[in-house]
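Across the two complexes that follow, chain A remains constant while its partner is chain B and subsequently chain C.
Let's look at the complex of A and B:
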C-alpha cells in the first residue's frame, strides 16, 4: 500500500497537535509540587502506577516518536533525493521509531508493575 | 540512444539542483527571516528528537530500582543538566509556536492574496502575518526559558 506524502503530512500535523496537549499535562505533573520533590523515586513510581497517567505517558511516547522520526525523515529527504536514499531513510526511521516505542513501552509496563514484579 | 541521452541529461540536472547540499539548507542570507525560521524549526526538531531519545533512556533507570534512579538524577540534576533542560524548554516552545504557524500556512491561512508581480518582486506570502508569527514564537520561547529558569534554579 502506497501512502501519499500529503497523508503523511496530515499525520505529522495531527501528532503534533496531540503531542502538544499530552506533553503539557506531563509537564504540569512536574509542577503540582516542588520540582525536586516531583522527581523523587516514590513520587515518580506513584505516577506510573496511576493507570490514566500511564496511558498518557504511552500517548506521549507514540505521538512524539511518530512526529519526531517523520520530521527526521522529511529533513533527510530534503537534503538528497534518489530512490535508494528515500527507501533507506524511510526504512531506517520506521525501524528507529519502533525501537524507541518498544523500549519506552517496556519502561512504562515494568514501572507500572504490570510486568516483572 | 535517445533514452540514454535523456537519462544522462536528467542526472546532470539532478546534480545541479543538489549541488549546494547542506550549505544551501543552512544559508539564511537569501531568504530573510523566513529562512531563519525554516532552519530553526529543523534544528530544534533534531535537538528535541535527541532529547526525547535521551529522556527515554534516562527514565528507563526507574525499572532498576531507587538506587539506579538516584544515580541517574545525580547525573542530570546538575547546573549543566538544568542548562540543557532550559535549552530544551526554549526549543520545544519555539518548535510548537512556529509549528502552529506552519500548520496554518500550509492550510493557506495568512498567506495574503496573489497579486501582479511588480518590482521588487516581494512574495505576497512572506508578509507581516508570517513575520509576526516568527517573532511571537521567538518571544514565547524566551519567556518560557525565563519561567523554566525560575523553577529550575529556585533552590540553588
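Let's look at the complex of A and C:
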C-alpha cells in the first residue's frame, strides 16, 4: 500500500503540535526547582523512576524523532531528484529514526530500572 | 470575493506605484549568451532614447531595430496578455511590456533571462517543462455527466456568481512563468510543479463544473508535489495579473488535509433546447 504524501504531512504536523505540548511540560518540570538542582544525578534518576514522567520522555523522543527525521527527508528530497536518491533518503531516514527511538527507549528503560529489577 | 480581488489589485498597484523619473535616454545592460552554441554569458550595454511611456520592451525593440539586431527576445501582444515577454528586470521577474522605463530607479536597467528556466539565448528561455507541469494538472473541466457527444442536445452548466468567484482570480493566469521563476522551491526541486501549475490544479478542483477532484488531487499529492511549497509568497508578489498562487496552494492543501471540505455541488446541466 502506498502512503500518500498528505498522510505523511498530517503525521508531520500532528507530531509537531504534540511535541510542542510535551516539550512545554518537560521544560515546566525543570522549573519546579532551581534549574541546576533539577539536573543533579539523584533528581534526574528520580524523574526516570516516575512512570508518568518516563512516558512523557518517551513521547518527547518519539514525536521529535518522527517530526525531525521527516523534516530531514523533505530537505534531502529537495536537494536531488532521482529514484535511487529518493529511495535511499526514505530508507535512511526511516532506519535512522528507528535507531534513535530504539536507543532512546533503551536509555529510558535502563534509567527507569525496569530492565534490571 | 470579486470586490476583494479588485481591492487587492488596487492595493498592489498602489504599492507598486513608483515615482516617475523622466529621462531622454537610458542604458540597457542586456545579458547575452547563446547556450546552444556553448557561448559564455556577458552583458552588452546599449543606450536608447526613451519617453515617459516607453516600456522596457519598447526600449529593447528600439535597441534591436537600430543598435543590435542580434538581441534575442520573445514577445507578442505588447499588452500583458500573452505572457511571453517575461524577463528579470533589475533582478525581479517582470513582464517587459508591462514595466515602464520611467518607473525604474537609476539610469541603467539590467535585463536578464528568467531564472529557473533552461536558458536558450540572450533573454529567451525554454518553457517546455513549465508547460508540461501545467498540462500535467489536467487544466480543463472534466465532467462525466456532460453530454458533449450529442451535438443536438449540447448542454450547459448552470453556475452562480459565488461559484465563479471561487476560481475567477486563478483563471486570470496568462502562463507568463514569473511566479515559477521567483519560486525558491523550483530553484532546487526540478520535479516540483511550481506555483502556476499548483494554483491551476486548485482552479479546476474548486470549479463546480468539474468532477475530477480526486484524480487531480492525486497528481499534486506527491513527494515533489504541493507539500514542498515553503510559502515564501514570492510567486504572489511578482504576478502581473493579480493572481495569488500561494493562496491557491494553501487552499488546496487545506482540502488535502481535510480542514476544508470541498462542499461543491456539481453544477446542474441544462439542455440548451429546453432552456426557456
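As a working rule, the second predicted complex is superposed on the first by the 116 of 117 C-alpha atoms of A that agree within 3 Å, B and C clash if a C-alpha of one lies under 4 Å from a C-alpha of the other, contacts with A are read in each partner's own complex, and residues count from 1 in each chain.
Everything below uses one rule, namely that a contact is a pair of C-beta atoms (placed from the backbone, for glycine too) under 8 Å apart; a residue touches a chain by one contact, two chains touch by 3 or more.
Model, not experiment: these values are computed from the prediction.
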Would you check which partner chain A:103 touches, where first means chain B only, second means chain C only, and both and neither mean what they say?
first
Quick check for you: in the superposed arrangement, does A:5 touch first (chain B), second (chain C), both or neither?
second
Considering only the touch criterion stated at the top, classify A:81 as touching first (chain B), second (chain C), both, or neither.
both
Please work out whether A:69 is in contact with chain B alone, chain C alone, both, or neither, and reply first, second, both or neither.
first
Could you look at A:37 and tell me whether it touches chain B, chain C, both or neither (first, second, both, neither)?
neither
Identify the partner contact of A:91: answer first if only chain B is touched, second if only chain C is, both if each is, neither if none is.
neither
Who does A:55 touch here: chain B (first), chain C (second), both, or neither?
neither
Dominant contact partner of chain A by residue count, chain C or chain B
B
Under the stated touch criterion, which partner chain does A:25 make contact with: chain B (first), chain C (second), both, or neither?
neither
Across the two complexes, what residues of chain A are contacted by chain B and by chain C?
9, 13, 78-79, 81
Residue ranges of chain A touching chain C (in the complex, touch as defined)
4-6, 9-10, 13, 74, 77-79, 81, 86
For the complex, give me every residue of chain C touching chain A.
185, 188-192, 218, 221-225, 227-228, 256-257
Could you pull out which chain A residues touch chain B in their complex?
9, 13, 16-17, 20, 23, 31, 34-36, 39, 41, 44-45, 48, 61, 64-65, 68-69, 71-72, 75, 78-81, 100, 103-104, 106-107, 110-111
Partner chain A, residues of chain B touching it in the complex:
14, 18, 21-22, 25, 42, 45-46, 48-49, 52-53, 56-57, 59-60, 62-63, 66, 69-70, 73, 77, 92, 96, 99, 103, 106, 151-152, 154-155
